[in-house]
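Here come two complexes built around chain A, the first alongside chain B, the second alongside chain C.
Now for the complex of A and B:
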């Protein structure tokens, strides 16, 4: 306190006391939190078994095009000619015409492999994560299409905006070393 | 033809419906004869966390520089450069995350929930600005916070907010902080992030409401200095309280104050305490005693009243918690009160095969956590409001013109309004034109 010529006043003491208490408090908080620091890092992910394809992943993400995308476990796929994840109910024809497709952005590529099998590949740049194909695949098919948070896009928000809105509480933190909850794991790899 | 296929598929489903719903191989994967190789599902990993430590280093360097610029260098130009850097790095490059304001919620949740771990970088973003404020004032707000920077840079024509309105609105951040801590501690709903006005601008994407709020605040910020910082920012509350106890704070004058009043309109943020050397010492002390008396009398009533209200608010917020929400919907469904079809939450609950009493038990656990936390936060808020009321009715008057210990954000604008400062810099003092302040006339 310059006006007191460096003398200790009641107010000065109170002031220093507050500062000391504050520093101790913040130091204590930091120490307490450091003790709780996650042993290993975690990231957001969707549990495909809990997901009900409500469509909020496409709209609730803070990114303009959601970081949630459809992924395909090809090892589980039946390679059906009539894929209920690809085709509208009662399609006009079983071909790649836009009017037959379920996907609003045409993000699924359908390619003939061998009779009678067709392969369905996700064009991730086009996928908006609406989950329409996932719903179709889960209802009538093997469930090889499902939604996942793509970590090359996800910015790992404090609290995921989609997780907050998710009606089925399908979002959870998973270890960053195993950042995906893939279905039929191992089947797709040879 | 296709209709017949659909009927066949639907029949298959009905047969399979008895089994578990997910991952059933209704159609066995084919054995390809042509040696077709299945595409692999790619799994791009997250960005390495080293980024967090780079952020903490930049934060620390920024804080040291901001404290030095506001206390030693006393240069507005240097502070503008520093805040531009902060806006570019923490704002547009890091896209608003990690952020010291949001870190408050992680810390609140980390303290309340033993299973929730706060990343060390986030903890550092919470602690460092506050420690700096305890020693050198709110240097963080001036030079390191991207939210402060973006508002400070758009301020072109500051309008003075009437004192009563300013004092009234300054209560809002306290309430916002209380609500944010309550929701973060009980449920994991982080409202500071959810309703952040500027993060959409930093990311250059976001919901229309978010972007419009941000743009609206920036337009307002052209005339009302730092509207978010003053009337909303929950971290500003903590920084302000810390800054009250600061060892060193920016001073308007580098020398002695002669009550020349030239700095009177230099602060665009209403954070300058007017000197009152004409008021006799005796009278000042009498006012101070009255203030303390009012505060002491009002505090118990306010603490109890707001503590009770806080408990109620805590219980009310469980409706936003996923577990609380689900329990309410399930209960409504049982009474047949669900209007407009079955909500997605209930569909998910049914499919997951969760038990009803489990859902209710989880909701009850949330309520049990929310009640005491709400009461404590409400009580603290009551204490603060009593103190604020005391200050409003019996304002504390300092002898000299000085920066407000709580609300000054160390922007360094007022320095150039002081003739002693101009003398220190060796600048000839110019008389301001009509309608201009001393600070504007001498700003280089």
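Now for the complex of A and C:
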């Protein structure tokens, strides 16, 4: 601030300079921290190699319908006619009849590809994340069905209720920039 | 100074001690506010807890039995169907790695393939050995001469009777993954799970033919191999038998690739092949009958030469660790197969990868089938 009748003094110059430098440093630090915060932001995800399909994902989520959904690795799938993730253990017939389907909510869609192959897709609006199909696929198939937290629904609670209840510690924080732990080649997930 | 002028000085200290002064009022208000705040927080927490418990209870009630995957009724077998009993058990050596396959040699001896190498077991009590190899072994076969063929991703190695590598065959198609092999005369038949075909190979590793490629004109439907379990054996009738696990069948082909017949059906019942891809392995007795192995429900079963179920070598009860892990859904149970081979005396050797042991199964004295 000019002193001595409006003249710029050495003390005034230093004072103003230091204030400006301080503001510049503060702004830089804030920008740096904001950038670092973005890079280090994490979200919840399920490690499919630890998941034991206990069913708690369907009941523990604070959302009315769980943010955990079954996902399907089409790169791993065998496109089996008899899919143990889709059919009851002893189906009456290998068709899409509700009585033959394993999923209690009918959340898996089956479509003929070519003899003898069928494609299976998850209808996420119907999936509750119970993991029943995942268990059938893991026990008898190759594990192409597995559970993941879907981040278009998850509200990312600081303390995830499912993670707290998970008996196999399958929940962990992953970088928000890579929010899924995908199995197989990852092509055509979901 | 008069007495009246000094009165206020005397009154002021007494006034500070009354509860109506500003400091006391603030203190009381702060206490009250604090208590009210704590009460409010407790009430809010109780409300959240009650709401969450209520929601959970209602959702747990909504998730009934239909949400549970239960195959326990198939994990029990009828003891009257057991035709074999365990006579001996050998551990799989740590150096062999994760066990992946087994073969019984025509001249005696058992070979266990693992992702670390090969383990040779002498059932007569002689010295065995373990040979570590440079890559995982998915298939193994033994020649009458005692030579051992080991199938690796992309190649086949020829080992002498002591486990030394004598030759490597690597002229195979991209994706070659041998998961089953059998020796017939001077030829070798290899089940390639990577390409879903059987290769006919001569004694020097040269491919002479491809069997089982999808060809509707020859009535060959093609092999469905969802996971790396695919086996081939030469039967005494001169026809190759090949698993078609996705179709739950064992199919017969001529060595030239003509499809002849098939048997097997999908079922969790003991007569059928369970799950989406079974049988995972099999072998053939001298009379042309079969011993088959399944994953998911670990069962080692017997079928006659026409494919009629005749009994069990071992039911799920014989693999308690496997069943426990499968029911618990632990990752180590995923994709684990059971393997069996018939030795020259007609005994069955069973590889339990999860239990890391090989079991010698002998026919029961009272077995009537």
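Brief remarks follow.
Here is the rule we use: the second predicted complex is superposed on the first by the 146 of 190 C-alpha atoms of A that agree within 3 Å, B and C clash if a C-alpha of one lies under 4 Å from a C-alpha of the other, contacts with A are read in each partner's own complex, and residues count from 1 in each chain.
The rule is short, and it goes like this: contacts are C-beta pairs under 8 Å (C-beta built on N, C-alpha and C of every residue); 3 or more make two chains touch, one makes a residue touch a chain.
No experiment lies behind these values; they were computed from the predicted model shown.
Legend: residue contacts after superposition of the two complexes on their common chain; A:58 is shown touching chain C, with no touch to chain B. In the superposed model, A:10 makes contact with neither chain B nor chain C. Of the two partner chains placed around the shared chain by superposition, chain B is the only one that A:93 touches, whereas chain C remains out of contact.
In the superposition on chain A, contact of A:136 is made with chain C only, not with chain B. Of the two partner chains, chain B is the only one that A:71 touches; chain C does not reach it. Of the two partners chain B and chain C, more chain A residues are in touch with B. Contacts of A:104 after superposition on the shared chain: chain C is touched, whereas chain B is not.
The contact surfaces that chain B and chain C form on chain A in the two complexes overlap at residues 49-50, 52, 54, 62, 64, 77-80, 82, 84, 89-90, 117, 138-143, 161. Those residues of chain A lying in contact with chain B across their complex are 15, 18-19, 22-23, 26-27, 29-30, 32-34, 36-39, 41, 43, 48-50, 52, 54, 62-64, 71-80, 82, 84, 89-94, 113-114, 117, 119, 121, 138-143, 150-152, 154-159, 161, 164, 166-170, 176, 179-180, 182-184, 187-190.
Against chain A, in their complex, chain B makes its touches with residues 2-3, 5-6, 9-10, 12-13, 21-30, 32-34, 36-41, 43-47, 49, 95, 97, 102, 105-107, 110-111, 114, 116-120, 122-124, 126-127, 130-131, 134-135, 188-190, 193-194, 199-200, 203, 205-206, 242, 244-247, 322, 326, 343-345, 347-349, 351-352.
Here chain C touches chain A in the complex through residues 52, 55-56, 59-60, 63, 66-69, 71, 74, 221, 224-227, 246-248, 266-269, 274-278, 295-296, 326, 328-331, 333-335, going by the rule given at the top.
Residues 49-55, 58-60, 62, 64, 77-84, 89-90, 102, 104, 115-117, 128, 130, 132, 134-136, 138-143, 161 of chain A are the ones touching chain C in the complex.
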